[in-house]
Structures are given as structure tokens and as C-alpha cells.
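Heads up, the next two complexes both have chain A, just with different partners, chain B and then chain C.
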Partner chain A sequence: MKKLINDPRAVVDEAVAGIAAAHKGLLVVQTDPTFIARADAPTKGKVGLVSGGGSGHEPLHGGFVGYGMLDAAVPGAVFTSPTPDPILAATKAVDGGAGVLHIVKNYTGDVLNFETAADLASAEDIEVRSVIVDDDVAVKDSLYTAGRRGVAGTVLVEKIAGAAAERGDSLDAVAAIAEKVNGQVRSMGMALTAPIVPHAGEPSFDIAEDEIEIGIGIHGEPGRVRIPLEPADAIVDRLLDPILEDLPFQSGDKVLLFVNGMGGTPLVELYIAFRRAAEVLEGKGIEVTRTLVGNYVTSLEMQGFSISVLKLDDELTELWDAPVQTAALRWGR
Partner chain B sequence: MALGTGWVVDWVRASAEVVKEHRTELVRLDREIGDGDHGENLDRGFSAVVAKLDGIEADATPGAVLKLVATTLISTVGGASGPLLGTAYLKGAGAAGAATELDADALVAVLTAARDGVVLRGKAESGDKTMVDAWTPAVDAAAAARDAGGSEAEVLAAAADAAEAGAAATEPWVARKGRASYLGERAIGHRDPGAQSSSLILRAAADTAAAQTAAATEG
Partner chain C sequence: MKKLINDPRAVVDEAVAGIAAAHKGLLVVQTDPTFIARADAPTKGKVGLVSGGGSGHEPLHGGFVGYGMLDAAVPGAVFTSPTPDPILAATKAVDGGAGVLHIVKNYTGDVLNFETAADLASAEDIEVRSVIVDDDVAVKDSLYTAGRRGVAGTVLVEKIAGAAAERGDSLDAVAAIAEKVNGQVRSMGMALTAPIVPHAGEPSFDIAEDEIEIGIGIHGEPGRVRIPLEPADAIVDRLLDPILEDLPFQSGDKVLLFVNGMGGTPLVELYIAFRRAAEVLEGKGIEVTRTLVGNYVTSLEMQGFSISVLKLDDELTELWDAPVQTAALRWGR
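Moving on to the complex of A and B:
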């Protein structure tokens, strides 16, 4: 294993220190317990948005702290949910009196730790609402699984809910917008290689040189099926079909198309995938009115990507277009 | 022989040792059907617990030590196992109450409350391929041993045996909770890492109780 690290056990602390140093003025990093908050938090009278999860998905979530998006992000150990203490500390730090929304990816650990933190915050008279993001169509949503995972669609929830909070919506209204985005976004990912967790030191799963994993999650947890490597267009079709069937998306829909890199796939390949996905949508009469391409929800150095499609309406489009100023997303100001 | 705070402390130290010793094995099990961090997270949590043991009051009750374990695990482990195991110890501490010694009845009450806590937090049932599949057989076996007039050490030994068998029994199952549930039939043939770590912790309870009993007999 070759990695640009000093000590496997210092990865998160040193990375968070780097984020603080790189984005002074935009955000501040608290330690003991560790969380990343907007430099000007709390904003009086504004709903606070807190998200978090295991590290290794950068820029999610710390890269999305700032004007028009998150008020705080809580990084756990690599691929491990943060504990309730830092989530509680972040919640208290960003409460401007209008309540706090927790945006949680649907992984058992994240849900349990955020749930515990929300209980503790309520005991301190902070009003907390939680939205569980579960956009991954690769997982069957049934009584027999932990439910669909929260993956790349989380970025879209954070951006749009963040804009709603910034324009002064109430906690209930911001939560409703976040639920609406989650209800209208569907995602699916794939991997060409496995990520290597620094302290584990070996790939999270074994995969042959000529194999790919379809339906991968963002922690290197295996996906739906393993198949021989195919050309990019065929892979895009494999991801897009279940996404479009699920909502379902229909001719005449306006959508945001998001092609997300998992960390180890170059942008040039992501654009090849985007080209095909846009072609397929156009062929079905679905209009791509907003786009996002790049590495936003990564899985360490894993090669692979995911596609997310969000059905837009005027309100969601307006909130997507609203100004945002974070380390990883910035427009309009 | 009823077991006091000294036993709880020994048990916790032995748990930390056994988790460290089996760290790689737990990581491997978790890597197969989860995300490969279980051994690392538990090792970090129990190391933090051990660091706090020196600071406990001389007159601390078994329940107070169990509560310290609970809050430390919840704030250091992360993932799903932090809140789940932490809740187990927290509910166990509640069942232990202010007692200074735990007899067979109290041990069964502690184990039962711990299992109920895991079920409440994780909403898993027997057969879902989770740590509940180690805890529930352990609770049942402990109660049966108590009903048969077993000593405290025998109650805990019965619990540990049943937990080990329960963990092994998860191997042929499909998982219905946690990350392994995403794998469907691909989880078949792999032991649940949470059930395995719980069986290790319960074995540490039995071993330390046996050692205390032996020492008392010799002394």
C-alpha cells in the first residue's frame, strides 16, 4: 500500500487540520470533540444544518460547510460514523435559535449515533429534526435489509436544504424540502477497484483485474453484483436503468444529472460517462436542466463513479441556483 | 460466589485484551460482509475504557463501572457497534443498580437488560445475523443455568458457551440488518462480526469469574 500519509491513526486529525488551514475565514475546526463549523456560526434566527459521517468521502461533508449549505460537519474515523459527543457539540454550536436539522446518510452506524445525539440535544432544549437520506437504488428497500443507503444524493439534499435555510425557512419547512429532495433523487454506483482504509492497510474487498462491482456503496461495502469489465456506455446503462425505473422518471421531466467520481477515476472518464447518461436521458425525453460532474462523494482512492438523477421543479431549481460559498461548491457570490 | 466490582474491572480489562488479541480476526470478518472496521473500533473503545479504570472510586459499585464502560464506548467507538454495545452496558448497569455484589439472579438480570438494550437500539430480531444472535442464546442459557442452581461462574460459562454457538450459527444465514444486509445471499458462509465480538466479551466474563472463584477457593 502506498499512501500520502504520516501515520494511519492521524489521518483524520491531520486532514481536518489541513481543511482548517486551507479555508480560513470560511470555516473553523473545533477539536475535542472534532467538528467543522462555519466561521460565522451560529447564524441568529437561521435553521442550523449539521451533517456528518465517516471520513474518506471528502469533500463530503466538510467541503460543504459554508454560506448556503451546511453550518457544521462532523467527521468520524475513516468509514466510521462519528460518535454522539461531537454531533451534539456541533448541534449546540450552530443553533441560532431556530432549531437544527440533522442530515444523515442511511447507514446503521450513522443513524444510531445521530439519533443518540438528537436525543441529547433535545434534553438540552435544542429543537432537532432529522432527515435520513436513502437514495441508493442498488439496495432493495424491504423489511429484510437495513434499507437503502444514503450516497451521492446527499450533496443535493445538503445544497438545496441549505439554500432553504439561508432564505429563512422554518425548521419544519427546511426538513420538508430536504425530504422532498430525498424523495425525488435516485442514485447508483459502481467500482473498478477497492478502496484501502489507511489503518486496515489492505483493499476493502478483493476484485480481479477484469471485474467490476455494480451497486457499490461508498464505504467499499460490496454491491449488488460482480460482472466482467464492460465499456463505459454499457456500465452507464446498467446504472441508469434501475435509477430511471425506480422513481420512475418520465418523458417531460426536468432533472439534475449528477455524475460523481469515487476518488480514483479521472474527470476525463467521468465526462465520458456523463455524455452517455445525458444521451440516454435525452432519448427518453427527459430534459437535463442542471448538471454536476466531479468528485463530491468519494470512497478514498476507489476507482468508480455513481450517477444521481434528481427530478426538479421550479422551487428546487431556484434553491439549487441560489448562492453557495463552500470549499467544494461555490457560485453566485 | 457473588461477584463484586473487582470482577467487573477484571472482566473489562480481559475484554480489552481479548478484543486487541482478536482485532485482526474481527477486521477480517467485517471486511467480508461489512466495511472492515469492527476490530479497530472496538479496540479503540476498550483501550479508552481501560485508561479510565484507574480513575474509578474505591467504593464504586459494579453498576457504576458498567456505566463508565457504557458512556466511554458510546463516545469512542462510533459505527453501529458503539451505540449498540454502549446501550448494552448502560442497561446492564441499570439492572445492576446499587448492588455491591452480583449473584446469579443479578447476573441474569444484567445480561437480560443488556440484550434488551441492544434489541431496542438496533431493532434487530433473532436470526437477523447480528450481535443479538450471540446475546439471546447467552441470556437463555444463563437463565437455565441459574434455574438449575448453577453458581455465578457457571451461569456466565453457560452464557459464553451459548454465545459462541450463537455466533457460529450465524454463518449460513442471510443478514437482515446492518451493512451485511446489502449483500443478500453473498453474506452466506460468513460469521457476523458483532456476534463474534459479543461472544468474545462474554467468554471474558466467564473466564474472569472462574478465576475469581478459583482464587477465593484457594485463598
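Moving on to the complex of A and C:
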């Protein structure tokens, strides 16, 4: 295992300390239990947004804490759900009296632990709603999931719900917006290589030098099919077809097209994929009106990428365009 | 070779097409010859900023084209200098009557081709100044360089000079600011793995599973020493010591600390490195007042990182903080 780390067991603690040191003024990091919160949390009268999950997907979620997006992020161990304790602590820390929304990727451990934390928060008179993100069309059930997995679409849910909270929407309204985004976004990913979890010390799965995995999960969970390496354009088509059929997206739709890197894929390759995806959508009469390209929901050093397509309307577009000030996402198209 | 590409010879053209498709409104891409420019270029009365170099370092330079930073970027083939033709075309396209500054990383091909383009532009009555960035303290001469190499510090030169141009500084003043940043920034990098140039099809150098290269260049040029893998903190110290000794940085200095990923290193590891670097600086009485962490000057999928330290004063800090609107760099600390 060749990694830029000290102790495999200290990876998350040391990374979180680095996040604290790098983003003073924007973020505060609490330890025991560990969570990352906006430096100015809680905002009185604003709905608080809390997300979290296993580490190893950076910048998700800590990089999305800040004005116009999350109020707190709770990092678990690498590829491991955080326990209820830090989720509860984060929930209490960001409650400004208007309630708290939990944004939870659909993995069994995450769902269970956020649910427990929500119950505990309710017992302390904090109103909590939850939205479960399950945007991955690749497989019905998976290694750590009943139903569909939550993947890169989570960023879009966090950004748009965050903007709704920032403009003063009620807890019910912010939850409804988050559900709407989840209902209108579809994603699918692929991998060329496997990630190496630090405390495991070896690749999460075996894959040959001439093979790729279509429909991979963000923890290396099996996808739909293992095939020989193909040209980028063919791979894009393999991801985009099931995405478009699923909603289904139709001619005349306006969409946000998001090409997300899994961590180890150069940006130059993501742009090659974006180019093809945009061409295919345009060919079908689907208008790409907003875009996002980069490494936002990663799987450590895994090489690969995912495509997400979100159907937009005027309200979602306006919320997407709203100002955001976080470590990882800037304001703009 | 396992890459998300179509034709190895089409990598740059297809990526540039993707950049054009992803950032409409912000950027326009010209082909024949190829360069990327601000959609609103030229800005009348403003000094134009042009940079460029071999592709494979994305988001450098195209990701830094936009308000408050570059006016145009000229991408060469992967790890290959652009020819004078597109540099000249970009220079003409962004000249708003106040002259154009070329920001050139110190590689023999880049320096020569930018110089030729500057001469041709002068013959067409466009005033051109050049600043050569040579921030890498690792080695005196290198594979493609006489003197020191230009590496990650280039981003800081482009941001700060861009802000000076945006506030209306003259060509001489913008050039002086760029020279000042180059004079006060020092960088050094390391690699765990080698990049694979698409048209070469194999790693740029051999490195064993238990070895790392200290002082690596951004094209995989040899560094100072090849050593067994060490803990992240020890590696950070190996990079930071020569950086701090070189300027030298001193107790009481205020600095921008930039931890740059080479492409294939997970963000979680960059934050571990940042944490150590910030600790060491604080221990020496050097105050980290501005920060940048992420993959900004990459070497395709190479795993590794670099540290850059820039000595700040009030003027440089103010220019660093000035608004910027580009694909890759957001406004903020």
C-alpha cells in the first residue's frame, strides 16, 4: 500500500485536523465526538442541514459545509457510517430553532445511525426530518444497501436544499425540495481501478489491467457488468442510457449535467467524458443548462467517474445559482 | 494503459471541447489554432493575461481563465509546449489596448515559444511583457529546464497578477506584481507513482512499490533523491525544510500555504499533509494567514503532492482575496 499517510488508524482524525487548519473562519471542527460545522453555526431561525457518512469520499461532505449549503458534516471512519453520537451532537450544534434536515445516502448503516440520532434529537425537542438519497440506477440492492445506493447526486441535493434553507424556507419546505431533487436526479458510475482502504491495506476488489466495472458503487460495490476496457465515448453511452431511460428524461427537458471523478482520474479525462455526454443529451433534444465537472464524490484513489443528470425547473435552477461559500464548491455554473 | 480516453492523439482536442461545453458563458474555445479565452475578452483598457503550456496539468491553465485571473490559456499537447502560433492568436484576442502579460513556466520550450509569440505580437504593435515562473527549489537544472522549474506557484502568480490587472494596474505594474509573487514563493513536490502520457502508453519512469521520489517535477522529471516510502509527516518535513531555507522564510512572516495534489492522490491525504505543514510553520513562528488545498497543478494521474509557501504582505493578501470567477478557483481563502 503506497499512501501519503502516517498511521492507517489516524487517517480520518489527521485529515479532519487538516481541514480545520486549512479553513479557519469558514469551519470549526469538534472532536469527541467528531463533526465539522460552519464557524457561525447555528443560524437563528434557519433550518439546519446535516449530512455525513463514511470518510474517503472527500470533498463530500466536509467540503460542502458553509454558507448556502450544509451546516455540519459528520465523518465516519473510511467507508464506514458515523455512529449516532456525533450525528446527534452535530444536529444539536446547528439547530437554530427551525429544525434540522438530515441528508442521508442510502446505505444501511447510515440510515440506521441517522435515524437513531434523529430519535434522540426529537427527545431533546429538536424537530428533525430526513431525506434518503438513492440516485444510483446501476443496481436494485447492493452490498451495503437495500434499494438503490446514494452517490454523486447527493452533492446536488445538498447544494439546492442548502440554498432553500438559506432563503428562509421552513423545515417541511426544505425537506420537500431535497426530496424533489432526489426524485429528479439519476446517476451511474464506473471504475478502471479499485480503491485501497488504509486499514485494509489492499485493493477493495480485483480487476484486471484490461477490465472495467460498469455500475460500480462508491465503496467499490459490484456494478452491473465487468467488461473489457472501451473507448471513453462508449463507456459514457453505457452510463447515460440507463440514466436517461430511468426517469425517463425527455426531449425538451432542461438538465444539470454532472461528471464526477472518483478520485484518481485526471480532470482532462473527465472533460473528454463530459464532451460526449453533452453531445448525446443535445442529440436527444435535452438541453444542458447547468454543469458540474470535477472530483466531488470520490472513492479514495479509485480511477473512474460517474454521470448524474438532474431535471431542472425554474425553482431548482434559481437555487442552484444561489451563492455558496464552501471549501469545495464555488458559486457559479 | 488504462485511461478514460478515445484516441490518444485526440486527448487534448476532446478535453478542450469538453471544457467549452461545460463552461459556456464563462469561456470560449478557439480552434485552429487552439486557445481558451474569457467569453468577454478582450476587456478594453485592461491588461490581458495569457498563460499556457503542456496539457496534462489540468485545471492549470484553462481552469484559471475568467474574471480576476487569466484572459486566455494556450494548451499544448500533453507535457509539450504550445507553439508560437496559438500563443500569438491568444495574445491578439485578449489585447484590450493596455498590453498583454505572458505568464510562462520555466521550461525551455515554453520560454522559447512564448518569446517568439511576444516578438510577433510586438511586430503587430501589441506591447507584451513576460514573467518566467521558477518556484521549484528541488533542483538547479532539470530535464526540460535551465535553472529552476516552474510548478504550483504558477497558480498564485496567475491569481494575484489577475487581480492586479482587474483593478486597472498598468502592464508594468502587473508585471512587477507577478515578478514579486514569483520572487516570494517557493515550492517542492514528491511522487509515489508515475504519470502515463497517453501517446506514450507507459509510465514516464519506473518506481518501485516501496519507493518515492522527493523533488519530482510536474512532468516526472527526476528530483533530489529516491527513498523508501515514509510516513506523511516525514515527507512533508523533507519538502518544507528546503522551501523555508531557500527564501528564507522567518519567524513573524505571514504566508499563504498551498498543498497541491498531483492528480491521483486523494484529498483526504492532502489534508493530512496540510495539517503537518501548518504545524511546522506555526512551530517556527510563521503565521499561515491564507490557504489553498486541492488538485490545481497536476501531472495526469500521478500520485504525489507539492507544497508551496508564499510570503504575503498587505497588498498581496488583498489581491489574493479579490473576487475571481473561473472554472477551477473560487473566491475565498
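Just so we're on the same page, the second predicted complex is superposed on the first by the 326 of 333 C-alpha atoms of A that agree within 3 Å, B and C clash if a C-alpha of one lies under 4 Å from a C-alpha of the other, contacts with A are read in each partner's own complex, and residues count from 1 in each chain.
In this text, contacts are C-beta pairs under 8 Å (C-beta built on N, C-alpha and C of every residue); 3 or more make two chains touch, one makes a residue touch a chain.
Treat the numbers as computed from the prediction; the structure is a model and nothing was measured.
Peer 1: Let me test your reading of the model: by the given contact rule, A:Val137 touches which partner, first (chain B), second (chain C), both or neither?
Peer 2: Touch status of A:Val137: no partner.
Peer 1: Have a look at where A:Ala232 lands relative to chain B and chain C in the superposition and call it first, second, both or neither.
Peer 2: second
Peer 1: On the A-aligned overlay, A:Ala200 touches which partner chain: chain B = first, chain C = second, or both, or neither?
Peer 2: Touch partner of A:Ala200: chain B, not chain C.
Peer 1: Once the structures are superposed on A, label A:Ala73 by its partner contacts, choosing first (chain B), second (chain C), both or neither.
Peer 2: neither
Peer 1: Give one of first, second, both or neither to describe whether A:Ser55 is in contact with chain B, with chain C, with both, or with none.
Peer 2: A:Ser55: touches chain C, not chain B.
Peer 1: For A:Ala146, decide between first (touching chain B), second (touching chain C), both and neither.
Peer 2: first
Peer 1: With both structures fitted on chain A, tell me whether chain B or chain C touches more of chain A's residues.
Peer 2: Ranking chain B and chain C by residues of chain A touched puts C first.
Peer 1: In the superposed arrangement, what residues of chain A touch both chain B and chain C?
Peer 2: In chain A, residues 78 are touched by chain B and also by chain C.
Peer 1: Which part of chain B faces chain A closely enough to touch in the complex?
Peer 2: 27, 31, 34-37, 40-41, 44, 74-84, 121-122, 174, 176-179, 181-184, 186
Peer 1: Which of the residues in chain C end up touching chain A in this complex?
Peer 2: The contact residues of chain C facing chain A are 2-7, 11-12, 14-19, 21-23, 25-26, 55-56, 58-59, 63, 78, 192-193, 209-210, 212, 229, 231-233, 235, 259, 263-275, 278-279, 288, 291, 293, 295, 298, 300-301, 303-305, 325, 327, 329-333.
Peer 1: Over in the complex, which chain A residues touch chain B? Could you list them?
Peer 2: So the residues of chain A in touch with chain B come to 54, 76-85, 107-109, 112-113, 115-116, 138-140, 143-146, 149, 197, 199-200, 204-205, 217, 219-223.
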